[in-house]
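Naming follows writing order (A, B, C, D and E), and every chain is counted from residue 1.
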Amino acid sequence: MEHHLVLRVVSKLIIPPILLFGLYVQFHGDHGAGGGFQAGVIIAVAFILYGLVFGIPRLLRVLPWRFIRASMAAGVLLYAGTGAASMLMGADYLDYAPFGATPVEGQHLGILLVELGVGITVASVMLAIFIAFAARLPSQIKDEEW
Amino acid sequence: MTDHIALPLSILIPLIIGLFVHMFGDRPNQRDAVSLIGGIVTFIMVGWLLPEVMAGARPSASLFEMLPNVSLAFRVEPLGLMFALIASGLWVLTTLYAIGYMRANGETDQTRFYLFFAIAISSAIGIAFSANLLTLFIFYEALTLSTYPLVAHKGTDEARKGARTYLVILLGTSICFLLPAIIWTYGATGTLDFEPGGIVRGHLPPAFAPLLLALFAFGIGKAALMPFHRWLPAAMVAPTPVSALLHAVAVVKAGVFTMLKVGVYIFGTDYLAETGASVWLVWLAGFTILAASIIAMTKDDLKARLAYSTVSQLSYVTLGMALAVQSGVMGGAMQIAMHALGKITLFMCAGGIYVATHKTKVSELDGLGRRMPFTFAAFAIGALSIIGIPPTGGAWSKFYLMLATLDAHQQVLLIVLMASSLLNVIYLLSIPARAFFLPEAGTALRGFGTLKEAPLLCVLPPCLTAIGTIVLFFHADRIYWLIALIPTAGGHF
Amino acid sequence: MIMTLIDLALILALLATAVMMIRLRNLFAMVMLAGVFSLLSASLFVALDAVDVAFTEAAVGGGISTVLMLGALALTARHEAPIRRNQLVPLGVTIATGAALLYGTADLPLFGDPAAPVHTHVAPYYLATAPKEIGIDNFVTAILASYRGFDTLGETMVVFTAGVAVLFLLRSARRSRGEVSGPRDDAPDARSGKV
Amino acid sequence: MADLIRSIAGHYNYWMFVILMMTGLFIVVSRGNLIKKIAGLNIFQTSVFLFYISMGKVTGGTAPVNTGRAGEVYSNPLPHVLILTAIVVGIATTAVGLALAVRIKESYGSIEEDVIEDMHRTERPA
Amino acid sequence: MIAGATAGFIAKHLPVLVVLVPLMAAPACLITGNRHATWAIATLASWTSFALTVALFIRVAGQGPLSYSLGGWAAPFGIEYRADALNAFILPLIAGIASFALPYARGSIGRDVEPRQQNLFYSALLLCLAGLLGVTITGDVFNIFVFLEISSLASYVLVAAGGGRDRRAFKAAFDYLIMGTIGASFFVIGIGFLYMATGTLNIADLAHRLATAPADRTVRMAYGFILVGIGLKLAMMPLHQWLPNAYSYAPPAVTAFLAATATKVSLYVLIRFLYTVFGLDDPFEAQTLKLLVMPLGIIGIFAASTVAIFQNDIRRMFAWSSIAQAGYMLTGIALMTPQGLAASLVNIVNHGLTKGALFMAVGMLTLATGTSRLSDLRGIGRTMPWTMAAILAGGLGLIGVPLTAGFISKWALVSAALDAGQWWLAGAVLLSSLLALGYVWRIVETACFGKADETRVIEPVPLAMVIPAWGLLAVSLYAGVQPALIMEGANAAARSLLPHLTGVGG
């Protein structure tokens, strides 16, 4: 696909808005439809698109493999860690109330954090899965590269 | 916990011996010596308990509780002590004999043989000293499993097939009948202890008593009650020392011993007599006695003939229990001792004949007696004891059993016993008779050639046991005083 | 009424798609239809007031799932082989299950009935208290992230597990050790190094 | 009669979803192509989701996003939450299934169950 | 001071910590990357989790059920973790088996998984463990589904890990995935029906609401679908097709772990639904159990044992034996008496221990000889007497020979059947032991009396495999001679589910 100039230009134009939309969905889930999962999928799709058009090796230069793998775990740990923080603050696991001055404030922060955790994990896992499939295709990338 | 150190030791020593046997696996002389010494020490340990038990003590030991109210526990009582004495005493002789037999035949895997032999003895003593049904059951199964490698020893297809039959029938009956009987007893009474006078009285409706007894009687497959007797002839594929000890003494006697224990200590003879729960068993035992004798007559294979003879003789003990009178229990207990001695003589002779001539068929033995006079003389004495003719010990047990049939008003059974003795005469005594009085069978011209007696170690033990049967005739009171302590209906007479 | 008609049309379209998917042997076309199926069901979710679900179904079914399916097709096969197996047993199993389900639906509360237990027991609590206790407008998010936040942790763990699983399967060497094509005896040679 | 019609009208969409489910299930159990099986599984699961969501619907209700208007009727949000989770589980399963299919293809050269079973039969003589 | 605070913290959050420890260790494994460090984390996590489950068991035994509100939201609005006599009894088994399986895996996994993939393997094993623990302890039916799927997804890939050596593992894992997902979907449908009937997802609340309302078709269908769905996961005959292949081709450590935990947890879920949620007051539910589940259980025992006898592969043989053993547990459950239930619970634990040890021992055999086919293992008893002794000891447990854990299970089940007046059932259970004798003895005969292959190369078995295998075997043998603890736990659990009656042996 390296030769499809139109495709590459269009992609470059379209990917930033997709990412932006993803972030919007991530942080606007409180009010409208959407949340961490949907945002994660959208952000993953943006990078998948990038990978499809520019090739996996280039995608891996943008997002190193170590980074993707670490984010997979980091998202989960952020979620689970939020819960652990509530425990350390004397509440039950995943009780966000102690995070803020008022319980409602705490809920806001807590939900923000866990949704972020979901988003990070979903985006990185989806991307990792895509790369894993794509890398299996002949003439894509070599094992050592990731 | 333990009253007498000899009690745990008599069970443990054979196991330790087994360990040593395993360690000395590559040094046959040490290994065999260890086996022999172990047998002697074990016998001494068991014998050590005798005076105390005679004096009325009941040494006991309890390890741990397995179920509420049921522990892995031991308790030495007269019947068990007698069984343990016989098993451990004959182990010494059999080991002696086995050393001669195994070496003469050049058998392989002798270490495995002595190892499992030791485990089997330990299990048999465990059965003898069990304080409750569950402990007994555990050692009963251990005995089955530890003798399996002995039966399958040769590893041929035939041996494996025979061993499979052995295992399936013994484990099958014990799991399918004996185990539910035990569970039922436990469910009904809340205990499994052997108590004088039995434990089921008041817990079991009399109508169910025959059913429970049937589960026990068929569950104790080692007693070889028909129709679950097939394992015994099948087990004859084993080397002869195995047949001698296990299928004349340890295994089969464990069966009828359990039968007596259940009759006396679980049901109680009074209860059996009152409810008539064992009447059917009297007839089944009688049938087994006769049928097995008749089958034995048709067998040309010497060991097979002896095996069916054993099936028949075992049912004497079952009969003694089922008659539910004291003389029956006495006769049964005595039969355990007398038959053990007599039958082991016969088996050892059969093995001696095999070692010397490689002959296994009765019809091939004509005239052999003149070549092997000691072996066949011992055989003849053993046979007399089995038949019950004085001056051999067997006469006493037959006497008490006949008395019991009269006590129980079962005159028909008296006739059965007499008929069986007659059959015994025919199929047992005919063997030494042929050997001594018929012309030599071998090839027409050269007869048996230069054939002589088997090696000393194969001849001496049967001669000793044969003498033992005679000694027991004159000293039967020793056994009598021991087994008279068994608590049965009406106390001592 | 119009809603009902739209519902009906969508459902019929779903059915038609599903039936087409049974029949199609071209797997690329089938995957495309699977995407269509997802988008149709997403529309139906919208009609049933489940906008979040619709969004997710569209993103997953229409997006990720299709991409993965296509990727898998590129690595496996493009056409389904002719069917050799007996179809009657599967048909019987399916019909029996379906019959059981249909039997079970008879006592279900009517569709949309506000008096159904579903709407009267736990749900009203969320609707009544979420604005106060959580302070966000989207009830779905409130329940998802807070009331049943632990389920969502589990859900994230499922995604994570899938990631671990796929990486484990697809990052390992291309061929199994000891595999050769054609008939062979199993196991022992796998370690002997002969192959 | 009116009851019957009401019952039919109130249940027909459940029936439809059941039929859809069974279409998916039929694909799973009747087809030997591994990818097609997974597609069938997806249809099956999506139909289960539809079934769930339709039980959350309240006649006259709106999407469960707080409008702040008093007396507003919302559809039940709980099934939505559950199904969101279930969709995620579904895609996770699909991904793992597809990865397995890829490995099967690589090691057997086929993703047709019939072909694979033939290989097993020759691999392991009775 | 700090120690006291820590103890207080642990005591307060005990139920959730049990699950959290392995759950959080899994991503940590992924980040770490190094296989040795990963193994250490995983092992430490499983041991910690085991210690916590034991503490939880003691706590519940002493103080009664423990409820924990996740997110601070009271049930039924939030998700509840609820430890009672039943699941506190099952939890130590799961974590305990994992504690043995992980050291064992260190010794054996090198044969199946290439070094750089091993952190993923351990991560998956931890996820599977966390999922199983989560399923067991949760008090929310949908949460059961979520954690069941974590453990299932992880177990599919764990089975596929055997593909490094034998490609059939991939197909086995795929079949497992399809069947497992259908099962999970059925389960979700069942939960949906339940939710429609009651409007709640909390187990205690469900039980309460179902007890007060008459069972209608909706509830009955929920019952049916949950039964079938869980039946698929626990390999109830005839829904067992996935199991023999999955257990035969998975790496040994995985087979040992899954055989001892996964199906056991499914059985737990079944018990939980039947006795806590549905309560079995409805004649339809009771009759289904009596007329469908019990016969299926018994058919399963006989059919699967018979099939096992004719297997040439030892692992496959024991896999079929697992299906048969599930039949025993199902019949105990279907007796609908506290004794029957307690017997099943005893069996769950005892069989878990025995089968885990057995599969570990077989794994050692396979590793040393390179084969698990009986026809290639003639006379192996002479070369590997100790391993064969371990297999024999486990095998005797399957037959139910006294002094083994299997004997206690069988004793409990037969007592329960006799108590319930089901003579024929007691007979069938005992008769079926002979079939177990059949397959165990095929191994013994072949191994001990077959003609040994002189050219066979025996590779040394790492100590990392030997110690866990013998350790677990020792535990199972200990459970056979000292069954009091397990029996009391099972009785307490059964009593808590059927409070109006008492359990086995007391």
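Definition applied: contacts are C-beta pairs under 8 Å (C-beta built on N, C-alpha and C of every residue); 3 or more make two chains touch, one makes a residue touch a chain.
Here the structure is a predicted model, which is why all the values come from computation and not from measurement.
Visitor: Which chains touch each other through the most C-beta pairs?
Guide: C-D
Visitor: Kindly work out which chain lies most centrally, taking the average of its C-alpha atoms as its position.
Guide: Most central by this criterion: E.
Visitor: Name the chain whose C-alpha centroid is farthest from the C-alpha centroid of subunit B.
Guide: It is A.
Visitor: Using mean C-alpha positions as chain centres, tell me how far subunit C is from subunit E in Å, no decimals.
Guide: 28
Visitor: Report the inter-centroid distance (CA atoms only) between subunit B and subunit E in whole Å.
Guide: About 44 Å separates the centre of subunit B from that of subunit E.
Visitor: Once you find the CA centre of subunit A and the CA centre of subunit B, what distance in Å lies between them?
Guide: 79
Visitor: CA centre of subunit A versus CA centre of subunit D: separation in Å?
Guide: Inter-chain centre distance comes to 25 Å.
Visitor: Could you pull out the residues of subunit B that touch at least 2 other chains?
Guide: In subunit B, no residue touches at least two other chains, as defined above.
Visitor: Please set out, as single numbers or ranges, the residues of subunit C touching at least two other chains.
Guide: Each of 51-52, 56, 60, 64, 68, 71-72, 75, 101, 106, 108-109, 116, 118-119, 122-123, 126, 136-138, 140, 144, 146, 148-152, 154-155, 157-162, 164-167, 169-171, 174, 176, 179, 186 in subunit C touches at least two other chains.
Visitor: Among all residues of subunit E, which ones touch two or more of the remaining chains?
Guide: 23, 26-27, 30, 70-71, 73, 142, 146, 149, 153, 156-157, 160, 163, 167-168, 189, 195-196, 201 - these are the residues of subunit E that touch more than one other chain.
Visitor: By the touch definition up top, name every chain pair that qualifies.
Guide: Chains touch in the following pairs: A-C, A-D, A-E, B-E, C-D, C-E, D-E.
Visitor: Flag every residue of subunit C that touches subunit D in the complex, lowest number first.
Guide: Residues 7, 11, 14-15, 18-19, 21-22, 27, 30-31, 34, 37-38, 41, 44-45, 48-53, 56-57, 60-61, 64-65, 68-69, 71-73, 75-77, 80-81, 83-85, 87, 89-91, 93-95, 97-98, 101-102, 105-106, 108-114, 116, 118-119, 122-123, 126-127, 130-131, 136-140, 143-144, 148, 151-152, 154-155, 158-159, 161-162, 165-166, 169-170, 174-176, 179, 181, 183-186 of subunit C touch subunit D in their complex.
Visitor: Which residues of subunit C touch subunit E once you look at their complex with the stated criterion?
Guide: 100-101, 103-104, 106-109, 116-123, 125-126, 146-151, 154-155, 157-158, 160-162, 164-165, 167-169, 171-173, 176-179, 186-188, 190-192
Visitor: Flag every residue of subunit A that touches subunit C in the complex, lowest number first.
Guide: Per the stated touch rule, the residues are 29-35, 37-38, 41-42, 44-45, 48, 72-73, 75-76, 79-80, 83, 93-94, 96, 103-104, 107-108, 110-111, 114-115, 117-118, 121-122, 124-126, 128-130, 132-137.
Visitor: Quick check on the complex: what are the subunit D residues that touch subunit E?
Guide: Its residues touching subunit E are 25, 28, 34, 37, 41, 44-45, 48, 51-52, 55, 78-79, 82, 85-86, 89, 92-93, 96-97, 100-101, 103-104, 107-108, 116, 120.
Visitor: Can you check the complex and tell me which residues of subunit C touch subunit A?
Guide: Within the complex, subunit C contacts subunit A at residues 51-52, 54-56, 59-60, 63-64, 67-68, 71-72, 74-75, 132-138, 140-142, 144-146, 149-150, 152-153, 155-157, 159-160, 162-164, 166-167, 169-171, 174.
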